[in-house]
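Everything on this sheet refers to the single structure shown next.
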Amino acid sequence: MTSAKSISVEDIKKHASPEDCWLVIDGRVWDFTSFAPEHPGGADIIYKHAGRDATASYSSIHAPSLVTTTLPPSKLIGQLDTKTVTEDWTKPPPTETPQLALNEKPPLHTLLNAYDFEEVASRTLTKKTWAFYSSAATDCVTRAANAATFDRLWFRPRVLRNVRDVSTATRILGCDVGLPLFVSPAALARLVHPDGEKALAAGCGAKGVAQCVSTNASFPLSDIVASAPAEHPFFFQLYVNKDRPKTEAMLRDVIGTGRIKALFLTVDAPVAGKREADERVRADESLAAPMSGAKATNDRKGGGLGRIMGSYIDATLSWDDIPWLRRCVGDLPIVLKGIQGAADAKLAVQHGIQGIVVSNHGGRSLDTSPPAILILLELQKCCPEVFEKLEVYVDGGIRRGTDILKALCLGATAVGIGRHFLYAVNYGQEGVEHFIDIMRDELETSMRMIGITDLSQVHPELVNTLEVDHLVPTTVGHPYARWRPKSRL
Amino acid sequence: MTSAKSISVEDIKKHASPEDCWLVIDGRVWDFTSFAPEHPGGADIIYKHAGRDATASYSSIHAPSLVTTTLPPSKLIGQLDTKTVTEDWTKPPPTETPQLALNEKPPLHTLLNAYDFEEVASRTLTKKTWAFYSSAATDCVTRAANAATFDRLWFRPRVLRNVRDVSTATRILGCDVGLPLFVSPAALARLVHPDGEKALAAGCGAKGVAQCVSTNASFPLSDIVASAPAEHPFFFQLYVNKDRPKTEAMLRDVIGTGRIKALFLTVDAPVAGKREADERVRADESLAAPMSGAKATNDRKGGGLGRIMGSYIDATLSWDDIPWLRRCVGDLPIVLKGIQGAADAKLAVQHGIQGIVVSNHGGRSLDTSPPAILILLELQKCCPEVFEKLEVYVDGGIRRGTDILKALCLGATAVGIGRHFLYAVNYGQEGVEHFIDIMRDELETSMRMIGITDLSQVHPELVNTLEVDHLVPTTVGHPYARWRPKSRL
Amino acid sequence: MTSAKSISVEDIKKHASPEDCWLVIDGRVWDFTSFAPEHPGGADIIYKHAGRDATASYSSIHAPSLVTTTLPPSKLIGQLDTKTVTEDWTKPPPTETPQLALNEKPPLHTLLNAYDFEEVASRTLTKKTWAFYSSAATDCVTRAANAATFDRLWFRPRVLRNVRDVSTATRILGCDVGLPLFVSPAALARLVHPDGEKALAAGCGAKGVAQCVSTNASFPLSDIVASAPAEHPFFFQLYVNKDRPKTEAMLRDVIGTGRIKALFLTVDAPVAGKREADERVRADESLAAPMSGAKATNDRKGGGLGRIMGSYIDATLSWDDIPWLRRCVGDLPIVLKGIQGAADAKLAVQHGIQGIVVSNHGGRSLDTSPPAILILLELQKCCPEVFEKLEVYVDGGIRRGTDILKALCLGATAVGIGRHFLYAVNYGQEGVEHFIDIMRDELETSMRMIGITDLSQVHPELVNTLEVDHLVPTTVGHPYARWRPKSRL
Amino acid sequence: MTSAKSISVEDIKKHASPEDCWLVIDGRVWDFTSFAPEHPGGADIIYKHAGRDATASYSSIHAPSLVTTTLPPSKLIGQLDTKTVTEDWTKPPPTETPQLALNEKPPLHTLLNAYDFEEVASRTLTKKTWAFYSSAATDCVTRAANAATFDRLWFRPRVLRNVRDVSTATRILGCDVGLPLFVSPAALARLVHPDGEKALAAGCGAKGVAQCVSTNASFPLSDIVASAPAEHPFFFQLYVNKDRPKTEAMLRDVIGTGRIKALFLTVDAPVAGKREADERVRADESLAAPMSGAKATNDRKGGGLGRIMGSYIDATLSWDDIPWLRRCVGDLPIVLKGIQGAADAKLAVQHGIQGIVVSNHGGRSLDTSPPAILILLELQKCCPEVFEKLEVYVDGGIRRGTDILKALCLGATAVGIGRHFLYAVNYGQEGVEHFIDIMRDELETSMRMIGITDLSQVHPELVNTLEVDHLVPTTVGHPYARWRPKSRL
């Protein structure tokens, strides 16, 4: 050893830059300045320890003798003077996580899941936009239950199957799609991003995800569908206007685009739910939806966008109106969005409907309406025959690829996601594509983990529903068998 | 473009008032001073962004070109000097939520639900008043379960029914009322508001809600009933005095008013429950209840108003006293308040009672007594015939229109609310009316959401009770069939 | 009105003492100095508002005109100058809750329940004493479940019964006691109070509560029993020493006192449980238990008093030793403390035992051993006949009179409380008496609330166990019927 | 009494050192300086009270008169001047818990359980190392459920059995081991400690615990096995490489060591799970695993070590490959690690497998895969015959000796622990040995507490599984009996 010079920590700390870079390893002080750029593991890890003791990091990777065979003796500066070691100096080097301003969006690629998009949206959307999208009816019990119920369904994974190649492709209402997932309709996407529904269309078009456009979209339908490739499937969500001819005219326009593959009639919101977070923030009174013609305002009850902009909706709409709607849309498939139990699912079949979305409007209509995935189970228990007569979709609480897979195993053809697509469009088209990539990745991984490679292989035996089965009605009727008209004294 | 002058942020910030109002949109600085008052969306939204970058807000509403076609070129001040942009300046404008002092009541119209009234009361009532009303027996398990159990009952909503016109009107003991809701009796409402029970009567009278007046009211009954229209229905709650002639005299006065439609005999408080929060705060010893003659005091156990002012109550009262009570009240309907199981409900029928309130005194008498709504289910399971013989009401845990609707679907004629009417009278008569409006709004919305328009349509099939059914006794007896007298060595 | 002089808030605040006391009521300023001492509601409430606006407090009690008829016109100082009112001045007067130093005991009469005693103990005992008594085995799951399970048992109260006179008297092993409650044995009570077990004996003797004295008591048995009246019943808890003659000698002494009515043999602690909180605090090595001769020390595992002082306990003790014990104690009743299931309860009957305590040592022996009250239910389900052959007691998790009553309704003759009696002796004999008074008060109130007046009336029908019934084994065997010896390859 | 001199607190506080040590007892001030070293209870307790009032501590141990008979009258300094007592002085002496720097390890002997090791690791490992080991798939539901489910299994302890001598010895796949516990395989242990898997081997070798070495170990197998005694059993965990000849070569080397007693084939990770905490921290790109040849890197998805270093794993591996593997390993027992249900357990038997680990990869592969201990129950319910054909192990959520014992009672031959052995090697070999000592101590105590002395006595009747039985599938099929291919319109 050519040098036993004793070097103090104070001295070592002065050599802490790429240009002048000393490290301590096993009590010896080395000059890594010229070697660092050639380090097979990259210079960064060396610079991170510049002016510090790198023994722990070094030893987790290299054999003790490596440094002496790698660096020439001339780079050995001396021995660490251990008397000068301070507690502060021995701390591992700081890992730099750059601080984000409270309302700043982190880089898109650092968002790993749906919750990340939600967290960013909660900080960066305007207070009103966040209130409008995130809110739900009264105490938000159903909103929470929609998501939480999925975590009470357990997989029954199968192993040792060849799962190298996996496909998430499927068909919805006869349309080929890349994922068993569609964008649930939501109003006024421009609140989130200037391109609103158009950015959603562009992103979905690029990734093969069907989009259901709201009657209350921020843009005319023609602008939206023009943002995606010509063959890309769209659906159209309908609120029926009290002034029926207006609806008839709108539907003519909608069908006239030639791009709509199905009509989704919302049936779970004859009036708007009481969304208190939305009411508590004043609405921008210049807001308007071009297709429905709805306009925002504020009144003594508050600024609830959903309530005020939904005032044109016809609360008289009933099963008797289905023939009228059929005449309006011709042979376009009709899907009822908001079926919440077996009795109405059976009625849908009887009325010649092509599909139903079991949904509670994301918990936004009636609090303590049943979690969406439990409605699917109710259909399985009470009226399994409906799955043969029409397609069943689930909307509400989907956050993960595992959630999608569970819904499919239990009989759904596809699932809808509403809020989180809006949180994704916070980053424009690119955000939408990244979000879809995440969901597909998660779905593919989950399929492999349960041992399937194609959506034709989904099956109820792959999911254990025992934790929630006791909550699911087994009949359309009620266990309290006898019912009496209340007596009046 | 007439001007490419570069404008710094520092400069722009100086023009931040309605009188001198610059905004930045898409990198250009415009003078909106003269246009703002004519803005179709209102001037406020423009003033909010005065001296700031309004691009995000603008783009969520308007097409990019609109500003150039709306404002004359002379209003274009120049280009934003982007080098001068600071992080602080790019933040969205502050949304002004005026700070309330801790003990200040917010404006009444900003209160959206029963919890809002409770929160305001917790801050603005005196410590003693809050302790007296909000407290419950020992560990408050039953108080919490009363409310929480409603959230474990799930609706089974029906869709596509004509729900435009909806009515909440019903009859209680032969009286027409606007809502299936009455004010449960509570002592000393003057603690909350100088007009106490009189303000409650005025508000309920205006809105068609029946009121049950407590034996321990702050005002004489005659003052209270005089506050409501002549035809408005009142009930009277009775604690029987150990000195029975006093009770007989009081009942003569009560009946003498000619305004009482039923007598509610409290049966779940032969002694007062142990309400520790109430005991821990000293009572104002000048407090007194004019009808019962009860007076507040303090002793070694504490300052519990319920305990001390209830010391006159006759703990010997039993079923054998019902004939005596019947003689006292003539043909006035008698309602037993505090029935907690099927066995006593059946006895009530046998004793010729006209109504029962399934109730645990809001959790104030015996902790871990059963949640009120579960008692209703017990009656449905064990003795459904009682619903044909008398009217059944539920009291305890009602916070929402959904709670009312669930109770009615499961067999109740009406529900009682106690504490939250007291929290409402914190705003006087106006508060009571606003609270009733909220409850009716919530009830109407909930009725529409499950697909009914009239209270005659309520039905158990509209509620899924599976989450709690296992908690409900199915017989008056017990699953541990064998019982033995304990041996004594 | 003699004066309309305008008085500022600044001026009013100067008259804020009993000697010079102005109050504002309804905008008028009055001098209450001479009237206050004669106020029927007490002077305190007036002094509390001295120099302030007392309108709210006044109006909650008095008619508006009262002040003008009570005070002479000369006491009207003038009109409040409302322009001078500040937000601060309008706040309600501070309610003075005197601050306690962290380790100071509040006055005994302010303690209202068992949790209050526990809270005071946690602050005022030494860290080691608190660790020793409050700790339990490993993750303390059983300790928590002992208490929590009681809150999952619901009463089924009966109403309209004459409950004026109520008695908590009963008999334990032939001894008359005032309450169905005994002091469970615990070591070294002197850690809590200089008089330790003697203070417990004095308090229990005064209140008619039986006391079970630990082998590891801080005082000799003769000192302890001498602290209570001659006829007062004591039990003696036994740990058998590896050196059996020592145990035999001790038992001769114990029986020689003539005061012991039964021997409680601990069977759930052949070795000490792993109580980590206790291990983490060093033991005072001068600690010793005079009867057992155990001494405290510390070792590499820690300072666990239970572990170290229990090292003399004979882990070979088995059913085969019962005849030996019977010879040692003659015809004294033998009670097994720590039975945890039906199988051993049946063995106890077969071995001629007089009583069993279903107990898990307060969760101190084996974590996830079953909650005590569930063991009682297991006995009811699996071997109800044992209740006819011996007395059954419950120990573990009793905190409230409701807990005692539930245990009795479900078949227990009495219950034991350990830790909370130690927390009570923190106040010496007086604390023990106050604690017993609280438990009796709670028990009496609970009895009245469910409609019984005597402990002979307890019955399982008064308790709804449905929430926990699914946790209770119904047979001594196991649902996984088939069992195989594990194969060895 | 020779002196009544009044001494102030200020004065007393000056005599607060071992060299000059005054204490106050019962109001008298004594000089303990010369006596302290001879104190039978140790000098420390006296020095702790130097300059203070020691009455409370003294009285909890000694009779009041002892001090007067122990110390000569000359040591009585005088009487405490009670007027000078301050609140601060009366506080108990501080208990010195030396402050640890945030990233400093406490002394090993102060770690009492597995959670202590985990807590220390969370503070002292690098952020990346902690993220890699502690993370699990997506929302970590399964990771939490693995451990939490054990706390829902309740013991059914038996008492009064001779449990003095207890043995934890057993056999795994024909190998004698000291504990029914093995080290589950985990990658890259050198991240935790420079000696990584070698320190694990040394500690396990000294304590008789079998170790399963990962394909991705930090050291070559020969280095690892050389660290333990020659007869000590090792297992080898295998990920099959897409390049099969590489795997064949590695297996030849592995078998060539002559030290491997079984091959554990991982079957629950055909691809890596999505471990987000791991992805969020960049990987050190110089990391590599010598046996598998895997190298760390970072990509746009993040720095997930598990994902990136597992990219060589062959996702085509299926039951059809078992004969190939059998040829590779000869007559070495094959164990499948990651069986998650009865269907695959039965297939394992059919394929001639010698053992299975019911495991979900510590929750790291698929979130909401079933908790490991519930898989064991599923096997008991659906296919109990497999326990006779092969050995069954449980891995996932084991934290306590009670957990081990429950798994064994329910049919497991042994259990595996992964993460916590890594947290133990944070202290090197000594940490591993201490951790094993803790687990054996806990297991022995638990065995004694349920009344058994040998692992041949474990039995399902000793565990109450009722709280979770409803979650366990009873058949390989599904309660929703009918399944339909989804219709396509």
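Before moving on, here are some points about what is shown:
A, B, C and D are the chain letters, set down in written order, and residue numbers restart from 1 in every chain.
Throughout what follows, a residue touches a chain if its C-beta (ideal position, glycine included) is under 8 Å from a C-beta of that chain, and two chains touch if they have at least 3 such contacts.
This structure is a prediction, so every number in the text was calculated from the model and none was measured.
Of all residue numbers used at the contact between subunit C and subunit D, under half are used by both chains, marking a mostly different-residue interface.
The chain with its Cα centroid farthest from the Cα centroid of subunit D is B. Put simply, the C-alpha centre of subunit B and that of subunit D have 50 angstrom between them. Note: centroid distance subunit A to subunit B, computed from Cα atoms, is 36 Å.
Multi-chain contact residues of subunit D (touching two or more other chains) are listed as 470.
If the chains shown are joined wherever they touch, the resulting network closes on itself as one ring, and no chain has more or fewer than two partners.
Of all possible chain pairs, those that touch are A-B, A-D, B-C, C-D. Contact residues of subunit B toward subunit C in the complex are 101, 103, 126-127, 129, 138-139, 141, 190-192, 194, 267-268, 270-271, 273-274, 276, 279-281, 284-287, 300-302, 314-319, 321-322, 336, 338-341, 343-344, 347, 360, 365-370, 470-473, 476-480, 482-489. Taken together, the subunit A residues at the contact with subunit D in this complex read 39-42, 45, 56-57, 59-62, 87, 91-92, 95, 109-110, 112-113, 150-151, 153-164, 171, 173-174, 333, 354, 377, 380-381, 384, 387-391, 400, 402, 410-411, 413, 441-442, 445-446, 448-450, 456, 459-461, 463-467, 469-470.
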